[in-house]
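First chain written, first letter: the chains are A, B, C and D, and each begins at residue 1.
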Amino acid sequence: MNVELDALNEALKAVSSLRSCVGNFFLSLSQGVRSEHGEDHRETKYILELQDLVAEISSNMRKVEQTCSSIPLPPDGQINLGNTAHLAHETTQDRQALYSELVGSYKWTDKLHEISNITFGFLAQNVMKRSYNSYLNSSGMNAKRRRLTPSCHNVPISSVETVITAIDRQYQDMNMNVYRPHPSNCHNLQIQVSLGRILRAVISFRGMMIEWVKVKAYNEEFQTDNGQLGQLDLWTNSRHHVFRKITENANAAMLHFYSPTLPDLAVRSFMTWLHSFRSLFTDTCRRCGNHLLCAMPPTWRDFRTLEAFHEDCKP
Amino acid sequence: MAMAQQTVNTAIDSLTAALKSNIIPNQEYFLQGSILDSSVEVLLHRLRGLCDNVDTNLETFHDHEMCFSIRGPNNTQPLQLRVRRSLDHNGMPMQLRYIGQPEIGDKSRPTVLRNSIDIGTSNTVVEFLTELGCRKDFEYSAKGYMFRKGRMKITVFKVFKIDETRKMMSSGGFDALSPLTHSYLVELSVLAPSGQDAIADDMRCFAEQLRPLVQLEKIDYKRLVHGP
Amino acid sequence: MGVTILLSYPVPENKTGPQTVDLLIKRIGALGAVQSGQFLVDCETFSSGPTMGGPPRTVHVLHNSEQPAAVFALLESPGPPPKTVPLVADGLFDLLMLKMSSIYASKKQTRMEARGTRFEIADFLVKIGTVTMSSNFKGVLVEVEYRPCFIAGNCWELMREFMQSFLGSVVQNTPPPYFQVHNRLNDVYQPLDTIQQYLDHFASYRKVAGL
Amino acid sequence: MQREEKQQDAVLEAVISRVNDLKTSIGAMIFKVENEYETLNWPNFLDNFALISGQLTSLTKILSNEKAPALRNFTVLPLMLKPDLDENLARVTEGRLTTFSHDIVPDYLRTKPEPDAELKMMQLEHKANCVTYETAQKQVAAMNKVVGHVWDLVNKAREEWESEAGSRSGAAQTFSLTDTPLLVAAISMGKGLKHTVAPGAMMGGPPPGPQRGPGALGPPQGPPGGIPGQMGPMGKAPSAIKTNIKAAGQMHPYR
């Protein structure tokens, strides 16, 4: 079988070199006498060139004949061409229905390419990776770098508490209570934040990493009814549209501020951002200058400037 | 909070409806007795065995009760109102209570019966009653234990005088209480809508089970007035 | 409950009460409000007989369908010094007032009632109702509650903007007198504050009637 | 001979009626246990037991009466056995026995123990006979001694128990007859509670309500002068009484 294939390949090569020779011959013939043939005896030189080409053709022709004869014919006198044999059977493109499928697959690959390009662009801009491991993998296993940055979800609880107490002390009108829902689990921590008499929030930490944020009204309780002390209700939504919106934004902010290398800075920035809601009901929107839009106060705070915007006015 | 009904009834309408269908518990059936301090442990032990809340710890209470009265234009009997507040749990609603004259009835009736309206109120109730024209007749504090068996409530408590001289102090005089007697008062009571006399027989049976430790009886209030 | 502001909407001269209410309902509907049931606030007034001695004392007993299990009683004491003592109690307080009927008699002809429809729009709760005194029409009251906020001083500007959007110039630029007189702008809002606003409005309607 | 027969009939009659009584009361109790187990209480149940045991006693009395003939000396002879249904028998036995057939009769008319039991008895008797007189005496003495001990123990326990019960009912009073009215009067009328209160303080002093500051001091209300006993007829209010008879007329029916 292999011998057969080699012989076939040889023959095909011979055919293509023959074709290229013939092509060259016709090319020279069509161009006629050119400048490179010089001034004297141009015609002779031209004829000599043509003769050379013709000789090449004939030698190639001979080669083709040789290779063809060396191909061992199968007993039934036909070479099995597999699926390619069918190509010759139906020559009209309509009946093969190949065209529409080809167009479809072309479009599909094109779109895939386009979307993956966009996604790549987005991912390159915003680092959304929450786990340090994948971060490490993508940037190459750099031993030096790993030493510099301890993984932030594995910070001992006492140091998290120190950071939180420091933040608590920083703001007069923001109180924080620390709960440990699972005393046996040394990394899980929940804090309940009350901001003035405006809102309450519960923030769940894993180490120094914020996992979950829920914002509710000042009079809505986080304590669960089933009486288990220290268990906060992380799941029930607020009754009020305003605080449901802020919960959404707070989760976005939590992702925005996340930084694997400086975890305490991430927590600090998030708290500063959350603190800006102390004037939730008194702020006007930066863009439209009104308190209300669709009966909702400005629920968006810019991450950098902490300016207030309506949901639909935000830049 | 979407409201289900289409038209809203006035509160008076719904109250009248409730009165008509007789679902307001405005009658109190009760029996009283006492037990000496030395034997109270035995009684508590027995009650824990008999009553429903066995699985939990002893339920204690410490209340401050003030009794007010207001006189009608020509009633000989002033209207008695009581205010009760918990000293253990601050911030709980205060209880305002109207108690009618107890009816002893004849021998066949197993318990004493009196009208009673229990109202939970905000803590402005004392000032409200004072401004309403009520006078505070007396006050005391009650400290003891509470049990429940079905609809029956059993309280075992000691009555303390309130020391007037210490009242202005921060504790309000509740830190140095002097007991009235060397006995605990035992009360067995049920609040029920009128006409549910069957419960009274149950109470009688329950009282039998506490004998001879405590004698829960119908106390004749009229005799108390004229007695020594 | 959130901060609530109660406003009396003047009935234009060429319109009837129901027409005014319809107009307001149309306006609030245009803002995207959704109807959610009915509401009722009633007020009955009791006063002490002459045997009590001294000037008569008045007890207003109010019910609000928003707090169906509660009874609000406000006692106006002549003092000195004159003051109002509020009491929040549960439903059986009405029975007690019946018991005291020989001492405090009800003035049936001054029974006031505000009744109408509730609307919800985002976190706002708007109630538009007519006020009647012993079934005579007295005026139109609009109650606006902003439920997420509990400090009147924090959200007055926001509520003013909302109310002006459908009530127009009827809304003053300063907080209603109730909040200023009782200095309630920076306290946590209580259901009793709503009741007291209703009582103030009822009292002014009565004054107009010359009672 | 005739006299004896008459006596025997009478005794049998009495026995049958007693047995019937016994049967009905057992039936009643079974019925109670099966159908009223939810409401049945212990004292009731004990009553039933007492009834049954009384009936048993009276039955034994009849049987051990001197006049009664020794029933064990009579024989019952099954005259006819048949495997068919016997309606008469079914009626008499209330449906428990429908045929008087070969396989049932030996069980019902049995006067001797079962063969197995009889064999065992025989063995035991044989064993007893083998024991010599002295050993038997010794064993009897030992048995008597043990029984005597137990008897003493039980007696002693009974004595202790009875004396304890007696002393409890007599000596240790768990409640005081005078304290009950005292306490009830105190909480209902303030007896013993009012005397410590100076009249002035009682009228105007601030109640120790948590919300009430000294600035909220109320003025004295009502007629001045604290009369400790409130329950008696109140001081007559002049002139106002006549005008207020009407008001009393519209008093609420719940009073």
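As a convention for this text, a residue touches a chain if its C-beta (ideal position, glycine included) is under 8 Å from a C-beta of that chain, and two chains touch if they have at least 3 such contacts.
Predicted model only: the values in this text are computed from it and were never measured.
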item: Residual chain groupings, excluding subunit A and keeping positions; value: one piece
item: Closest chain to global C-alpha mean, per-chain Cα centroids; value: B
item: Maximum centroid distance from subunit A, chain identifier (CA atoms); value: D
item: Gap in Å, rounded to a whole number, between the CA centres of subunit B and subunit A; value: 72
item: Distance from subunit D to subunit C - Cα centre to Cα centre, in angstrom; value: 65
item: Intercentroid distance (Cα basis), subunit C paired with subunit A, Å; value: 59
item: Gap in Å, rounded to a whole number, between the CA centres of subunit D and subunit A; value: 85
item: Multi-chain contact sites of subunit B, meaning residues that touch two or more partners; value: 26, 71-75, 124-125, 127, 131, 133
item: In subunit C, residues with contacts to at least two other chains; value: 49, 51, 95, 99, 102
item: In the complex with subunit C, residue positions of subunit A that touch it; value: 197-198, 217-219, 238-243, 281-282, 290-292, 294-297
item: Subunit C residues touching subunit B - in the complex, by the definition given at the top; value: 36-40, 42, 44, 48-49, 51-52, 57, 59, 63, 65, 68, 71, 73, 75, 77, 83, 85-96, 99-100, 102-104, 113, 115, 118
item: Interfacial residue positions of subunit C with respect to subunit A in the complex; value: 31-32, 121-124, 146-151, 154-155, 157-158, 161-162, 165, 188
item: Subunit C-facing residues of subunit B, complex; value: 2-12, 15, 24, 26, 70-75, 79, 81, 96, 98, 117-122, 124-125, 127-128, 131-133
item: Complex contacts: residues of subunit D adjacent to subunit B; value: 169, 172-176, 179-194, 196-198, 201-203, 205, 207-212, 216, 218, 221-222, 226, 230-231, 233-234, 237, 240-241, 244-245, 247-248, 254-255
